[in-house]
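For reference, the structures are reproduced in the following blocks.
Both complexes shown next keep chain A, but they swap its partner, so chain B is in the first and chain C is in the second.
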Partner chain A sequence: MAERKAQLVRGFASLAFVVFMMAVAALPALAASFEDTLVGFTADSFNDTATAMSAVTESGDPLAPQILGALGDGRLLFSAATKKVYFKDSTDKLFDAATGAAVTAVAPGDLSPVRLNNRLRGLLSAALGSLTLMAPDVAKRIDAAETVFKSRDITTLPALDKALAQEKNAEVKEAMLEARAAIVIGAPDTSPEHRLVAITALNTRGDGDALVLLRTLPADVPANVKQAAASAISSIEYRLSIWANVQNLWYGLSLASVLLLAAIGLAITFGVMGVINMAHGEMVMLGAYTTFVIQEFFRAKFPGFTDYALIVATPAAFLVAGAFGIAIERGIIRHLYGRPLETLLATWGLSLILQQLVRTVFGPTNRDVGAPAWMAGAFQAGHISITYNRMWIIVFTIVVFAALLALLRYTAFGLEMRAVTQNRAMASAMGIKTGRVDALTFGLGSGIAGIAGVALAHIDNVSPNLGKAYIIDSFMVVVFGGVGNLWGTLVGALTLGVANKFLEPFAGAVLGKIVILVLIILFIQKRPRGLFALKGRAVEA
Partner chain B sequence: MTGFSTTHPTLGKSGFAFLLTDRGGKILLALLLAAIIIVPILNLAVPPSSPFHISTFMVSLFGKYLCYALLALSVDLIWGFCGILSLGHGAFFALGGYAMGMYLMRQIGTRGVYANPVLPDFMVFLNWKELPWTWYGFDMFWFAMIMVLVVPGILAFAFGWLAFRSRVTGVYLSIITQALTYALLLAFFRNDMGFGGNNGLTDFKDLLGFNVQTDGMRVTLFVLTAIFLAASYILCRFIVSSRLGRVLIAIRDAESRTRFLGYRVANYQTFVFVISAMLAGIAGALYVPQIGIINPSEFAPANSIEIVIWVAIGGRGTLYGAVLGAILVNYGKSYFTGALPEAWLYMLGALFVLVTIFLPKGVVGAWPTIKARLAERLLSSKPKLEAAE
Partner chain C sequence: MISLRKLALAGAVGLTSLYATSMAQAQTIKVGILHSLSGTMAISETTLKDIMLMLIDDQNKKGGLLGKKLEAVVVDPASDWPLFAEKARQLIAQDKVSAVFGCWTSVSRKSVLPVFKELNSILFYPVQYEGEESEKNVFYTGAAPNQQAIPAVDYLMSKDGGEVKRWVLEGTDYVYPRTTNKILEAYLKSKGVAAEDIMVNYTPFGFSDWQTEVSAIKKFGSAGKKTAVVSTVNGDANVPFYKELGNQGVKATDIPVVAFSVGEEELAGLDTKPLLGHLAAWNYFQSIKTPANDAFIKEWQAFTKNPKRTTNDPMEAHVIGFKMWVKAVEKAGTVDADKVIAALPGIEVPNLTGGTSVMLANHHITKPVFIGEIKADGQFDIVWKTSGLVPGDAWSDFLPESKPLEADWVKLNCGNYNTDTKKCGGS
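After this line comes the complex of A and B, so read on.
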């Protein structure tokens, strides 16, 4: 009797201790009490095993998942003689279950696995499910709640309620409430009060899943519940539509940044020389291939620094494409001034040659440019997911644009370039070497295209046709924005990018693009020289 | 620019003066007439074992070249004589081709895979229940032939009227014509448009009750193409030699000045643009039964740019030069894509670059210089040969 009493006291003590421990959820369980809970596994009775299992589950000990997992796989061993419990990992290495330390000493000779029956297996899977709801780690608890939300398994409800009762972290509590709401909202025997709580929780969650769940509300609920659900649905729908717009805006910005990168070089060459460079897309392609080559070089020579290949690739792409640009200007375009249509044809021919050249050297297949670690992955902002590579490309575009503006505004070369753009004859009369400015401008425009290639290599296939895909869009941006200044190109790229992405959900990707093209054709009728046209007598020349 | 001007001292003397003074044109028409007479004989009457036999494959191939020649002619009419560089003329060609293709599709009737008497196979495949309105009337030959002219014509009129009235010229016009054909390319790729989507229209059987696959029909189509090319040439020559043609050339050389002289430039430009689009449509309509397929890739901007280079190589602003250029480049393309497939794109690219820099007047324009130089060389080398002997 006395012994039984002592056991009871000890049981109460440990229970009290567990409750206390839960109250300070962040604190790790103490090894001593945890070891005690394990003793039940050594009795070789199903009832004791069940008790021990729930004790382990409630302990919240970091070892608990491992132990329960081992139990399920028959890897949990006990020694009846020493009353100690061990578990083996998948490589048959033995660990002390109480401490998690690897067993270095000689293991007891009488190790045998803890046995399970069907009832225990059922309990075990429920325990495993709810176990992480009480894990000390906040992120793990949220994950567990999210799992329950997705599974909507009604058997986890008791464990969830228990976890909810002792949860102190507001964020986790919210996630658990949502999980609970997911379970009870559609259940037939939920009380109206609980349903209202569930509706509130789902309304707070406010995503597509919540919307689906709210629609599973049974028909035979009181009017006030129905009304609450209806207003929650409309509130969620409203918020989701705002988020959808934010998402579209983001996609639009992302597309706009790519368009801007591809078009801005074209705008420079077109603005200064009135020359449409049909080989501009191929300059982008050359930039992309330069990136590829440099990355391969880093991979072969300095495998540890592959992530930094980009730092070398950007200026290299600028130089390669820029050198090609200057060569094209000196070799071909110089002979065709005053004949813009012929220039268009000659550069088109050049683009065919460059494409075929790259095809001969690198082969017709797509080449892969790996993203550095800091560009991989995505993060969640509200209800939209933002990929790092798109974000960095936007940042990159802003930097390039700002640098270019500064170059035009504050350097002597920029001044000369603007002078030639506005009035070539007068600039020449003032002593500016227009031929040199032309060559450098063409080099600059091509170099910027090369830099665009660096960015595009990370979001698109590096293939000989890379340039082709962007050339018409780039023309549209330039023609729409006008060639008066770079801000026109910016506005053009933003408008087209965002309009395209906002049209896509209604019209589909292809029809959206057609609509944009038709709108541009009509817009050109209204403003034949684009949004930001140069004014003055230089225009007609 | 004076090199392009077509001065006709005999203008107005006789009804056919515009042809008689045109030496290149006379040669072209004589060659076409010879082809019309000789090719059917060599194909149908001469046995295949004879070295003079022309295979049906060759007949169709040259029929295709003549279609391209007609297309090049239409581009030369606007580019060479009015300074409108269209980078979207392939669109009008393809639209004419689609009009013909739709007629041919309706003629298949129950002989299709799904044997539906009204719906073409691809519509049955897409589970469509009835014919879309765009296809109404295309079972009638006369209606389809009117559409070959009307559809490109209306598109060209709408586009030209908007663009020319707003004085969109030069590079800007070239770019938006390219946007036009690109938009059509994307549109025709869509299955919902009801024109066969990606696969286009193919598997044709009959044209006016005659099987299009037979040798006789192939030769007939070749002859028809040659006749249409000759007739279109005469039409174009007539236009550019008339008073209207003079205004077109004036617009090409000094648009603003022509406007200030009181001419309604936009009306002239629109007129010639529409005529050109219709000619391109006819070329497409003749092309489709000979090739046996029409699909959206005909709208690709690259194709349209290639047409321009045919004209540039042959000689812009001469009309017969465009025909020559189209045949030369396409013959070269057929030959080299077979013999040296890798090299063709290099050669085409180099053609663009070299012709624009060194042969701004094309082969035809450079011919007098080449002839003079050849004669000089012959003269200077003859004494040497004699001395060697």
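After this line comes the complex of A and C, so read on.
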């Protein structure tokens, strides 16, 4: 009891609501008071909810974890009329929060959920953190330790030490040691030995949070502790600076994959065929809208399989955009070969028509393309967080690029296509139907753009303006890489992506983009045909 | 030669249409609607055109105005700023509208200003903006910075907002975020925030690769002090920004993001579950429960024949603006621009959130300020509101160059009266 009181007194400085806890702890009849503490939830005021929450945490009632968990998920309900509190379990069954008994008599209509704001969510996760330190689930224990690390709440130290003594799992133990270090490192009455242990733990953690904590070390510590902290700080700073470069490289790769994906279709229509296709971005947009439509269809008909909608959406987007491409080639561009200016104007007009068409059909507002479960969230690799959607887009880009190369290299259509672009008259003399190949090539380029739309729908707006954002970048990549060369497009995208992301932290996004544009202009002055220029007769044709 | 011929042709066309309109004028009062229905801004502005049509329809059902029917004249400036000026001229000079409701971006408003001054007409501007302006012909029914940005920062500094000590001001690179951030920076410094605790960053329009920015925010936020992001990111860039925040796991309990241009419409294109608890500051939210708002939402969803259609803040601004204009015309007994402009200040109409908004002498209105947290269903949970209505301030008190300026079209007949030099005409 004395220990508990001391613990409360220590917490007093950091947490104002502890006052209320003491009042609750002093109440003699716990069973009766528990129901009274719950009344705070029925006032619909954040302050009352906060006091009720801490009272429930402090009560030690067996229902407390359930009530707090329900509160976090919005399953804790109250009736303003009767001042009673209920919680729902995951199957929507209703229970009386005071007794834990199942309830059926209350109409759900006059129940409203207890509201939370960010301050309460923070307090709640701290309260739940100390309650779940001993949870059977490993991930939950790590989460709890992380919560304690963030809250640095000295009142959780006894619970933490108790959990630490029992812990067998090395990973959880490390997380708990870090949490313990976060609490004791800045506390005034920690012994030098404990401080050294804390410094080692924080050094192992080695992130920005650890750095901040190491700097909170009080000034009156022994010299050897001070020195250990200083060397830990410099070691962490060195490691973090290396990680910052790794992070820039990763972000650069990620941007490059997006650029490549958007540009690769253009590398066919503009690069190989020489058609300045301003409606290329709209093909990307059509692909994105196809993804949306397919996903909506799955949501309506097969709600269990929404995550697999992408498997259908990818070929569908290829077919839809490809069909549009063939129609455009046969309807418009065929009549304009050799007249680049007219082609440019006609396709630009077409891009506006397509945008307005989509706006009329789908409305001007953004559409929601949800990410499948395996594309949401992020994981930690060292000190950078890698988001799954970016990672999968990189993989996707590599697959599309490889498939396209294989198509051009190993199929009859690829052979015909190369033959027509290299020497049209000769190809025609050999019996290749050049008109058909032209249409299919344009369809292929547009179809690939449609596939790009499937990926871009997951990182950008699905709106009629989606394509406009990528058309300039796509042309930049193709021209920089060298017209008519897929490998050039790859190198161009990689160079621009990585350069952009290394510039951005120093120059900012706006200036970074300007610098890149200026560099490209200078480069094109020096090498008008881009990085990898085609040589020989093909250029003249 | 060609231009002369064109001029003559234009004149002829103008004359015939003038004749046609003067015939129609006897029966109807025309109201101009100047919102982009195509191009980048169509995403936001199309809704405002629809709400105006609903309001005009409504007024006609009540018997019109001054015994005449109202007639909406809709034009499409196509998100093209110079075209805004052209279309405004067409509305006023050719269609002879009595008032125009329109514009979204500040640059479109600036582009039509000279036209409204020259032809002396009335513009109702419904969007929150950077302030630092007060014109005789313009009535600003959206929020000035002191009706949105400053209260939002106040909330974050309060106990309920998390007592934020470090600030990231993230914006799109154009006039509204730049001016707002300038005001906010000055305000934060006046509240004792150190310069190294403020990070300002701008990104281009339509920016979509937020990885570097979001990780910079995370890094800035791991300095041991409570950090918040004040976002003036505009339009299309918001969706990838929030997606990246969600994916990189920036939770509202760690680093809340408060946005000034993200409303119910923008969230419609997003999975909002990872965004739970991030904030928005507006003068109106769809989720506010008042009888007036319930009736309004019902009418709007019936009008658009879409039971899921959302409402938002600029729509409410048009509702207030339109009702104010109707009252002013009734008070003046005419649609003559000068008389209506003189009648407007002091007009009171109930807003949709339970208060009464007043048109002030500086052509801004009084509004309540709400802070909402994003809920999983894409709506907002109101966590804070100002105790009363906040009068719009045209010239910010936190910028040294605009501090002495005052706008008063009733007593001073001036939009930028300098209280130091006692002269009309700015700083």
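The rule is simple: the second predicted complex is superposed on the first by the 366 of 541 C-alpha atoms of A that agree within 3 Å, B and C clash if a C-alpha of one lies under 4 Å from a C-alpha of the other, contacts with A are read in each partner's own complex, and residues count from 1 in each chain.
By definition in this document, contacts are C-beta pairs under 8 Å (C-beta built on N, C-alpha and C of every residue); 3 or more make two chains touch, one makes a residue touch a chain.
Please read these numbers as outputs of a predicted model, since none were measured by experiment.
In the superposed model, A:505 makes contact with chain C only, not with chain B. Between chain B and chain C, it is C that contacts the larger number of residues in chain A. Contacts of A:513 after superposition: both chain B and chain C are touched. When the two complexes are overlaid on their common chain A, residue A:441 makes contact with neither chain B nor chain C.
When the two structures are aligned on the shared chain, A:291 is found in touch with neither chain B nor chain C.
With both structures placed on the common chain, the touch criterion links A:387 to chain C but leaves chain B unconnected. Of the two partner chains placed around the shared chain by superposition, neither chain B nor chain C is touched by A:42. By the touch criterion defined above, A:356 reaches both chain B and chain C.
With the contact threshold set out at the top, residues 355-356, 468, 510, 513 of chain A are in contact with chain B in one structure and with chain C in the other. Every residue of chain B that touches chain A in the complex is listed here, in rising order: 85, 159, 162-163, 165-172, 174-176, 178-180, 182-183, 186-187, 189-190, 256, 301-302, 305, 308-309, 312, 342, 345-346, 348-353, 356-357, 360.
The part of chain A that touches chain B in the complex is made up of residues 270, 274, 276, 278, 332, 335-336, 339-346, 348-353, 355-357, 360, 468, 472, 475-476, 479, 510-511, 513-514, 517-518, 520-522, 524-526, 528-529, 540. On the chain A side of its complex with chain C, the touching residues are 46, 74, 115, 117-119, 121-122, 125, 150, 207-209, 212-213, 216, 247-248, 251, 254-255, 258, 355-356, 359, 363-368, 370-371, 376-378, 384-385, 387-390, 458-465, 468-469, 501, 504-505, 508-510, 513.
Chain C meets chain A in the complex at residues 37-40, 42-43, 46, 159-162, 173, 201-204, 206-209, 211-213, 215-216, 219, 222-224, 236, 239-240, 243-244, 246-249, 252-254, 256, 265-266, 268-271, 274, 277, 279, 373, 376, 381, 383.
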